[in-house]
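First subunit A sits with subunit B, and in the next complex the same chain sits with subunit C.
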Partner chain A sequence: MDEMQNNSDSVFQDICGFLEQYNRNKIEITGSTDLNSDLNIDSVAAMDIIMEVEDRYDIDIPINLVADMRTVDDLVSAVQKQKEAG
Partner chain B sequence: MDILDKYGPIAERRDSLLQVGLNPFGLRMDKILSPTEALINGRKTILVGTNNYLGLTFDPDCIEAGCEAMREQGTGTTGSRIANGSYALHEELEQAIARYLKCKSAIVFPTGYQANLGMIAGLAGPKDTILLDADSHASIYDGCRLSGATLIRFRHNDPADLDRRLSRLKNEEGVALVIVEGIYSMLGDIAPLKEFIEVKKRHGAFLLVDEAHSLGVMGAHGRGVAEACGVEDDVDFVAGTFSKSLGAIGGFGASNHPHFDRLRYCSRPYMFTASASPASVVTVTKAIEKIEQDPGLIDKLWRNANALYQGLSDLGFEICSPASPVIAVRLSDEQTAVFFWNRLVEEGVYVNLAIPPGTPNGVCLLRCSVSAAHSEAQIEEVCGRFEKILREWEAQKASASA
Partner chain C sequence: MTRSTITTNEDLPLRVGEFETLAEGLDYAARGQTGCNFFSERGVLNRAMTYREIREEALDLAPRLVASGLERGSRVAVIAETRPEFFVFFFACQYAGIVPVPLPLSVNLGGRDAYVARLAAMMKRAAVSAAVASDDLIDMLRAAGQEAGIERVGTHEEFRAESAKNGFLRPLERQDPCYIQFSSGSTSLPRGVLVTQKAITSNARGIGQHGLALQPGDRATSWLPLYHDMGLVGFFLTPALAQVSIDYLATTTFARRPMLWLKILSEYGGTISFSPTFGYDLCLRRSANVDPAQFELSQWRVAGIGGEMVRASVLQGFAERFAESGFNPKAFLPSYGLAESTLAVSFTHLDTGLQLDHVDRESAALKGVAVPVSPHRDGAAASVRTFVKCGRVLPGHAVEIRDDDDSKLPERAIGRVCVQGPSLMQGYYSDLEATRAVITPDGWLDTGDLGYLVDGELVITGRSKDLIICNGRNIWPQDLEWAVEKLDGIRAGDVAAFALGDDEDSERVVLVVECRTPDPEAREALRRYVTAVVQKTAGVGCEVVLAPTRSLTFTSSGKLSRAAAKADFVAGRIRDVNEDLHTSQQESPVLAMAVGSD
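Right after this comes the complex of A and B.
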C-alpha cells in the first residue's frame, strides 16, 4: 500500500512538472486541479502532455481516454492503471 | 441551464476576435471573380487561402462538363448509393481515380471529411489499434473515434517514435493501422513516407496516407507524396479530397487491397450518406483528365510557391516549413496574427488565420496557400502588401515601447 502511495506521489510530482509550462497564473496544482478550466489546457495540449507522460513511463495511454480526464488526479490514475497493465 | 451554455468560453473568445475586426472564421466573399480573386467588402482581393492549388475551379472544360451533367442528369441524386443506386458517372469517376493513381479500385465520398470518416471507420474496428500522427487533421481524429479502435498518437513526422509505440503494442487480437498525411495542412511540411513505410513493414502494420493537400501537388504526375517518395506500391490505402487541387467537392479512398470494395457495404459513412451530385462528380473526372494531360500545371504551382516563400522569407517572416504550396507564416502571438490578418484583408489579401487549438504546438499562423493560377504580379503584390503591414506593425511596436 505504501509503495503504491509512493508511486502515486512520484507520478503526481512528474505530472506537475509537465504541467508547469501551462501554469501561467502560478496556481498551486493539486489533484483536483482542472486541466481545462484551471490551467487553460486545450484538447491538443492535453494530448501533448499525455505523450510526454507516455515517454516518461514507456507506456501507452490511448487518447480514447482523454475525454474522461478532467483533473490532475484523473491523469495520475490513468498512468497508474497503464503502468500496472504494462 | 441552456443547451448551448457549454460553448460559452469559445463564444467569448470568438467575440473578442470580432471586437478587433472582421470575423476570420466566417468571412463573406461577396463575389468570386476567378480562382485567385474575389470581392470582399467591396474590394478586389487576391486569394491566398483557398487550397485551389491548380486553379481548376474556373476551368472551362470542367465547367462545361458540370453544366452538361446537371442539364442531362439533374441537380442531385436524392439518395445513397447502396439504397438508391449509383449513377454511371460515380463509377466512371472511381475508374478515373484508380487509373490515375494506378490502384486497383477507388471509392468516392461526398466530401473529403467523409472520405476520412469512411476510410478509417471502415478499415479499423474496436479490436484494432490506430497509430495516428499527432498533427493529423480533425477528420482523421473524428474517423478514428468513429472506428472504436484504440488510438495511439505518435510524434509528428517521427518514424522512430512510431517505431517505439508500435513496439509497445501488445494487441494480438486486432491489427495496427498507421495514419499519416502527405503534406500537413497547417504547417505545410511533408511526411517522410519512405521511413514510415520501413517501420510499418517491420511491424506488419497497415498504412493509410491522406494526400488531401498533396494530390495534384507532389510527384511528377501529381499523385502525391507517395509518388514523390517512390513508395506508391507500399502504401496500403490512400485517402484524398476533390476540394483542393481538383477544384470541386468530394473525397475518395483508393487501394490495391483485393477486398477493398467491402467498405461499400461495411463503412457507415459511405453507406448512409447521399451520393455526390452529377455536376460535382463529372467536374472531378474532367479535372483528373486535365492533370493527366498537363503536368505543367504542377510546375507552375511550384514556381509560384517558391516565389511567395522567397518573397516572405526575404522580408524576415518566419515560415514553418521548407517551400511548399502551403506557406505557414508564424507570428509571435494571437494578437499579432489577428492584427496582420485584418490588415491584410483591408489591403486586399485573403489568407487563413490559424490559432490554437487548430494548430500544432500552440503556434499562431497566417496560412497561405498558393495556386498555379496566381500570376507573378499577384505574388509580388502579395509580398508588397505583407511588407507594408509589417512596417506598420514595426512602427506601432516602436512607438509603444518609446
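Right after this comes the complex of A and C.
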C-alpha cells in the first residue's frame, strides 16, 4: 500500500512538473486544480499533454478516460489505472 | 506483421464512381484485393481489410439487423470511429435497408457531460431505433441513449451476436436514402443532412472522375474524422466507389502525432490526401525536430485543402518545410464544399497549386466588389486582401452568386454562394423549416457562405452565418452562449460569442458577458468559470470580456445581434469593466475593416 502511495506521489509530482508550462497565472498546482479553468489548456494543448503522458509512462489513454479528466487528480489516477492495466 | 492491401487491382478494371448505390459499388470493389488499412496510435499497421472482407462481414451482419426487428428505412446511430467495425456496420445498414447515422467522436478534456448531451440530441433528432459504439465509448452512448429514450444501445459485438434466423437482405435501392450526417446546426438543435443514394453516387463520381481524376496507382491516406463530410465521403465512400486502397490514422492520433500522417504517406506511397489548412499548420508547428529528408512525398500528387478558409501563407510554409521530402507545391488542390451538397462543390485544376487573387481590401469590405490589385503596391500589407481560388463547380452542377433579393450577381461581386445539382441533400431530416431556410423554391441551396466568381472560379470570402471556425472545427456560438448562461448569476441574453480573425490568423474566440457584480473577486471568478465552461463545451480558449449590463444589442424581434456585438467590441464601444476608461484603446482601422465586412 505504501509503495502504491509513493508511486502515485511520484506520478503526481511528475505531472505537476510538466503542467507548469500551462500555468500562465502561476497558481499553486494541487490535486484539485481544474485543468480547464485554472490552467491554460485548449484542445490542442490537451492532446499534447495526453501524448506526453502516454510517452512518458508508455501507456495508452483511451478517449473515454479523457472525457472524465477534470482535475489534476483525475489525470494522475488515469495514469495509475493504465499503468496497472499494463 | 500485418500486410497492407495492394494499391491497384491487377485483374479488375478501375471503375470510378460508375454505380447507382453504395451496395453496388462495394459489390464491385469486393471482386478485387484493394481495401482499408488501420494504423495504431504509434503508426503501426494494425489491421488490413480488403473490400471483399468488409462486404463479407457486412453481409453477415445485415440479416441479423433485419431479424432483430429493425424496419426498412429505420435509422441506427453509429459512432464514427476510425476502425473496421464502423465500416462493416455502415455497409451492413446499406444491405439491410437501414439508414446509418454516424455520430461524432469528439471529446474534450473533462467533456463527458457535454458529449453525452450532444449525442442524445442527435439521436432524438434522427429518431433512431438503435445505437452502436465500441467498448471504449459504449458507457457514454448508453448514458446518451437513456437521455434520448433509446432503449437499444449496444456494442458492435452485441449486434453481431444477434440471431440471423429469419433474417434476409433488403439493400437500399437507388431511389432510397443513404445516410444522415450531422454537421450542421448547433448542439442543442442539431440538423441532420439526409443524403440520398443519388446524391452520394453523383458526388463520388464528380470527385473521383473530375476533381481528382483517379487513375490506377492512386492510393489514399486519411486522418480525417468519419463524422465529417470530408472524412466520410471523401475518404471512405468515394474510395470504396472507386476501388481505391486507403491508409487510416485515427483523428485523435493525428492530433497527438501529426508527423505520422507524413510517415504513412511516405511508407505506403499515398498519392491523395486532404486536410483543412489547420492540419498542414499542425505539421509545420510540430516539425521543429524533424528531418524532412526522412519522408518521401514526391508521389503525393493531390494534397487537397478544404473544410475551412484556405490560408495561403500556412500552405506555402508547409511546402517550403517539406521541399526536401520531395513535396511538390503544385500538388495543393484547394476545394470548396459542404455536407448539404454531400461533400464537394468545386475543385481547382489538378497540378496547378494555389491560385491567388489579390483584391483591394476596402472595396471588398465596403462596396462588396473584389477589385483586383497588385500585391506589390505601396502599403500592400494593409490594403490588399489575398484569397485562394477554389476552382470551378463539378460537371452537372451550377453555382451562382446572389444578392439578398436572390438576384444573380456579376463576376467579382461578393454575395451569397448558391449551388444546384444532383449532389444536393434531400433536406434536413425531419426539419422542414430548416430545410426551407436553405433551399430556395427553385431548388438552389444557399450555402451560407459569401464569395465571388472570377473567370468562373469560385472564391470564398467568409461566412454570412455567425459560425465560429477554430482549428478546423465548426463551433456554433449559441452552444457557447447557452453553456455560459447556465452559470450562477448569468441570465439568458447576457452573453454573446463571436470570433475575430483576419485572412491569415486562426480565429480568436471572444465571449462578451454582461456582468452584474461589482466585487472584483467575484468578477475574476466569473472570468475563470466562463473560460472553463467554454473549454469543456468546445475545447477552445477564449477571451472573456466582462461588460456592463445593456452592452449587447438585440434585433427588433428580440434576437441577439452577434454582428453588432462584434462591431461594438472592435470599435471599443464594448469594453471590459476592468479596463481603465481613460486609457482609451486605439481602434485599429484595418481590424475594423477585416471584421466589419460581414
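Side notes on the structure shown:
Following the convention adopted for this analysis, the second predicted complex is superposed on the first by the 86 of 86 C-alpha atoms of A that agree within 3 Å, B and C clash if a C-alpha of one lies under 4 Å from a C-alpha of the other, contacts with A are read in each partner's own complex, and residues count from 1 in each chain.
Criterion: a contact is a pair of C-beta atoms (placed from the backbone, for glycine too) under 8 Å apart; a residue touches a chain by one contact, two chains touch by 3 or more.
It should be emphasised that the depicted structure is a prediction, and the values quoted were computed from it without experimental measurement.
Once the two complexes are laid over each other on the shared chain, residue contacts for A:Ile27 go to neither subunit B nor subunit C.
Using the contact criterion defined above for the overlaid structures, shared-chain residue A:Asp60 touches subunit B and also reaches subunit C.
In the overlay built on the shared chain, the residue A:Ser43 is in contact with subunit B and with subunit C.
Of the two partners subunit B and subunit C, more residues of subunit A are touched by C. Touch criterion met: A:Asp68 reaches subunit C, while subunit B stays clear of it. On subunit A, the patch touched by subunit B and the patch touched by subunit C overlap at residues 42-44, 47-48, 50-51, 54, 60, 62-64.
On subunit B, the positions that touch subunit A within their shared complex are 134, 145, 150-153, 155, 165, 168-169, 356-357, 360-362. Subunit A makes touch with subunit C in their complex at residues 34-38, 40-44, 46-48, 50-51, 54, 60, 62-64, 66-70, 74. Every residue of subunit A that touches subunit B in the complex is listed here, in rising order: 42-45, 47-48, 50-51, 54, 58-60, 62-64. Considering their complex, residues 41, 105, 107-112, 115, 136-137, 139-140, 252, 255-257, 282, 471, 528-529, 531-532, 535-536, 538-541 of subunit C touch subunit A.
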